[in-house]
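Both of the next two complexes hold chain A, though its partner changes from chain B to chain C.
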Partner chain A sequence: MTTAFELKNPATLSDLGALSAAAMPSFFQLPPDVEQLRDEAREFAETVVKPRRLANDLAPHDEFDWEIVRKGHELGLLRLTIPKELGGRGVGTLGVAVVLEELAAVCASTALIFGASLLGQTSVLTSGDPHLQARFLPQFLGDEPVLACNAITEEVAGCDLLIPDNSPVAQEVMTARRDGDEYVLNGIKRFITNGKVAEWATVFANLEGHPGADGLTAFIVPLDTPGVTRGPVADKMGYRACLGTTLLFEDVRVPVENIAFGEGGGWGFLTMQSNQARSTVAAISVGVARGAFEIAHRYAGERVQGGLPLYQHQFTARKLAEMTAKIDAARLLYLQAAYQADNMLPAPTYGPAVAKLFADRIAIEVAEESMSILGARGYCRDYDVEKFVRESFGARIYEGTPEVLALAVTNALYGHRA
Partner chain B sequence: MNGTQTAVQDRFVADVRAVHDRMNLRGLAAAVRPDDLLYLARRQDGLVVLAARHQGIPHRYLLGIYGFRLAQYLRLGFASEELAYRRALFTEPHGGTAANEVHVLAMDERSGAILRYVSLVGAPDGAPQDPRDAARPPFPCEQAHRVNLFDHVEFDEPVATREIWEVKRLVHRTPQAGDDGATRLRVTLELMLGFYTALGRIRPAVKVLVGDGEEGVAIQRTLRSLREITVLEGTTPSLPDDDLMFPLYTAREVVKAFAARAPQGAELDRLTDRLTEALAHEDLLHGFRSMVGSVGGQLRRVAI
Partner chain C sequence: MTANATLLQQTLTALLDDAELTAILKERGLSLLFVQRDPETVALLSGDGVTFDEFPQDGATLRFELSGDTLHKLLTGQLSLPRAAAARLLTVKGPVTRLRQLGDVLPRVGAAYAAVARQAA
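On to the complex of A and B.
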């Protein structure tokens, strides 16, 4: 289903192609392979995702559209970060972020399906452990789509696992007990994106007797392992096409070689992973803002009130100018953060935290303004803006709330942590 | 190696094999560059047979193919589990023959699984050379047997190295539940049809096929479709201990190198016609036996 109005005069300001090109400043030149990927992702979003987004949004909360995933997999979206020599597309955080903006500009849920799977893979990819890579990456090379996921959040431990100062008291209750050449995992993970449909998960658990950051360890767990139960799917306000699920682990036996980054290496990995994730989730927020803005932009170019198109009314013009400025600024921040995550060791937490903090906020603001520009139409499902409004609130929660991000930023400002 | 290390290695090998058992390469036929597709047959029941030049196959699918080869050779005990583990391999290494190999596969279109596979490896050199030239790079089978086959086998017409191809890695998938003899025979015949059709499309024309195998197994099978095979007696093939495939010559009893004149022109047409007839026969086994009676050949032995 498409939006209920069409552009009548493509030569006007409403030329979205020109707008999009203008939005990318010439001094930040994307690498050619990332540019090509962006164009492919844009076409995929327009031709495959867009026609299905409303139906997927209205579907029951536990339904999953494998067809979209399959089509995206054909494009290589599930193996974006796998090196080319291993059959992947070999891009880094920057490439992922650019792709996710394109997807989120049409459907943030779809962006998150792919983003969460790529996030789950980071443990295996960045561990540098060739045995883990040989066992857990070839799945993504075949023609049948396979998803991964990243399992951090628990009922009593969400933000605590993302705030360095809180880590000593983090109440992670999922434990791993060594038993011979296996670990036995017990605990419950909440709101795990792709948990219902993923083949394997990166699961964070504390070694028994080692609470807090020192004992945090990342395990690679195939989700068909005996003792793993995929629980109910959360019935969410937005992001309805991607399934956030409870995962239950009851005496789940995992071989010792399934640890990424060694015993107690989970915290260090999580910090690195957060930098990548915050950069790419900031891109999703930019996509959400852009998607909402594009609708408002077209509408304001067509809708005539008082004898003038809306954009020629000063109040609306001011809104539109503020919205596009926010989007451009947020994009620059996430591009910078993604570049840092790819090129700096250790990557600073400041850049990704600022990028996400800003992008999450402007996504809500731009989506809300877009809705107000469309008036009653903005409140109706078939104009798509209301979906962007609902989804704009999602990214503010996952991969770091504003409160967590603010602590990361101020810690950097006051020199507590780099 | 202690018990824990052995267990870790066993799990690694099991995981690599399992990954490739589940691998779906459904899109392979469509992904091959058309100029490099030497044969493609799609049957109504979903059997697909294709032959393609190495360079025309996207890298991702090549990894799937070489992964299948590794998985099956691990299953058969012909690849070293220890070396596969130590090197963290999930595919057979394939740098050496990258430019000159033809892959022939029978696949199930629905599952995207490879059912049967065989490879043709061309001479590693670019320019035509006299195969008796001691300085030419040896074919893999010659390397293992430490012999120049062409010092011992005579052919009616002159042959250049570019007209010689080695048959390698004839493997089939782990037998699946529901596989019956007739199905296996049919897939084998379809693979042979694809193999010989592709052989006829390689340029310059293939004049000689070489390879090695156990006489009662691979060589016997090859003899069903070739007029004459010359087998070298008396070699002691082996590969270095650090070669992934060294068990090929320790796990099998007596492996012999062979050379055979490849069918060409009318002879090749006749062979593919017989294969087509066999496949169309109501009684597949009967059709197969008729084909072997009409095109199968004899074994010649050369002692060195």
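On to the complex of A and C.
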């Protein structure tokens, strides 16, 4: 009989490295620099993030672990997408997605801290605006870690801002009124990841008198600008190590040169940014599924019932097989979407939307099955699976709910603006 | 105003004399394929010079698909590449991070375009 010991670390198709080692045919071979980055991120996740994840999960909802960010900054995770010639690591959406999967396989909260900061930077990076780049990118190249954030969601206008047909009737959207060489911002942003700790934010607001998608404009706002107040931190069921914060803007004056993509260019930029964000959040969901699966996989190889390890019981074997298939399929979808985002401008909305829709769902399914395989242990904090279960529900909300993603998919299928 | 096919051809042909530009393209391993719609004109700008219509279209580093109006605005500095992309006025296919390498290329093309347009007028 095969012993449980021999099965502790078998190759799994849930690991791209194992896929290569097993000489399995793959449509997707990662570029060497991304493979190297993945290995670095995996080591960082195992040696820096894993020892701190339980403490961070149990900490008060408004505490922030700068030490993890500092270590990640030393590795270059806060400057991943800044071009090499400017001092960054020069990777695209594919590299970011692969890194975030590795981090999320240990701690989705940590993945989101870095992911949200990179998302905030996209406005400055993709604008090609030398003024904005000279002002806002060097901060990420210094010795001290600096975070950015992306502010879209509002109190009564979350998904409405992501749906072109809804945006003209979105309620109480943040406004920007022109006053000389400045814009004056007023409004409230909610659940802004990194909002409590970020240096600056990409803030979406509607030009006064121009409701809807055509008036949406992206402003780069230093968060120490007079009139900006960092409000309460949301007390969330998961993703507890990253802080979702309310940001209040009261007569905040922003120079006109801090607009990325021009007046009214916010919607077009947002759709490009969403394609990148949805690819990388799909990767986070794959990481969450993988993290939960790896615990269940190990447990099913060690736990003996009826004289056999769990994995040799057909019902559990079926569960494990289904879980690996879901993870592998979701990974291929996000890799494809990220590849498209790196090789097409603007990228199609369909790929990232489908990738995120699927990955978010399978993360919940795989995490729940993993908890089921561990039985009572899965329900306890000591085994980490319950954390993955809580976090699996998070990605289904941010960067597009299933309902919003479904609209993006069907709009693409029927040729509407999405 | 739009960048009509003749103007585009004359502009790119004029760039053949810009040895510095072709050296830059060669050094960076860049080749740029412009597909201008209505009527369709295809031109490849690379370190080896400029060719029109008759060449394999899948070998270019970056492929730009755009209208004559958008091309005119890009070459005259009225529109930037990122804003044109965000507004879905053009499509770029290829490794988009390499668009940064065009920072000093497109102004040269724009200058040649302006000179050709002045002569035509």
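Everything below uses one rule, namely that the second predicted complex is superposed on the first by the 388 of 418 C-alpha atoms of A that agree within 3 Å, B and C clash if a C-alpha of one lies under 4 Å from a C-alpha of the other, contacts with A are read in each partner's own complex, and residues count from 1 in each chain.
Simple rule for what comes next: a contact is a pair of C-beta atoms (placed from the backbone, for glycine too) under 8 Å apart; a residue touches a chain by one contact, two chains touch by 3 or more.
Being a predicted model, the structure only gives us computed values, none of them experimental.
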Chain B versus chain C on the shared chain A, clash or fit?
fit
Of the two partner chains, chain B (first) and chain C (second), which one does A:G375 touch, if any: first, second, both, or neither?
neither
State whether A:E257 touches chain B only (first), chain C only (second), both chains, or neither.
first
Quick check for you: in the superposed arrangement, does A:L345 touch first (chain B), second (chain C), both or neither?
second
First (chain B), second (chain C), both or neither: which does A:G227 touch?
neither
Which superposed partner A:G142 touches (first chain B, second chain C, both, neither):
first
Considering only the touch criterion stated at the top, classify A:D181 as touching first (chain B), second (chain C), both, or neither.
first
Of the two partner chains, chain B (first) and chain C (second), which one does A:A134 touch, if any: first, second, both, or neither?
first
What is the contact status of A:P402 with respect to chain B (first) and chain C (second): first, second, both, or neither?
neither
Across the superposed arrangement, the tightest C-alpha approach of chain B to chain C, in Å, is 12
Let me check the overlay on chain A: which residues of chain A are in contact with chain B and also with chain C?
85
Interface with chain B, chain A side, in the complex: residues 74, 84-87, 130-131, 133-135, 137-139, 141-144, 181, 255-257
Quick check: in the complex, which residue numbers of chain B touch chain A?
4, 7-8, 11-12, 15-16, 19-20, 22-28, 59-60, 63-64, 67, 85, 88-91, 112
Complex contacts: residues of chain A adjacent to chain C:
83, 85, 90, 92, 126-128, 261-262, 265, 268-269, 271-272, 342-346
Residue positions on chain C within touch of chain A in the complex are 80-83, 85-88, 91-97, 99-100, 103
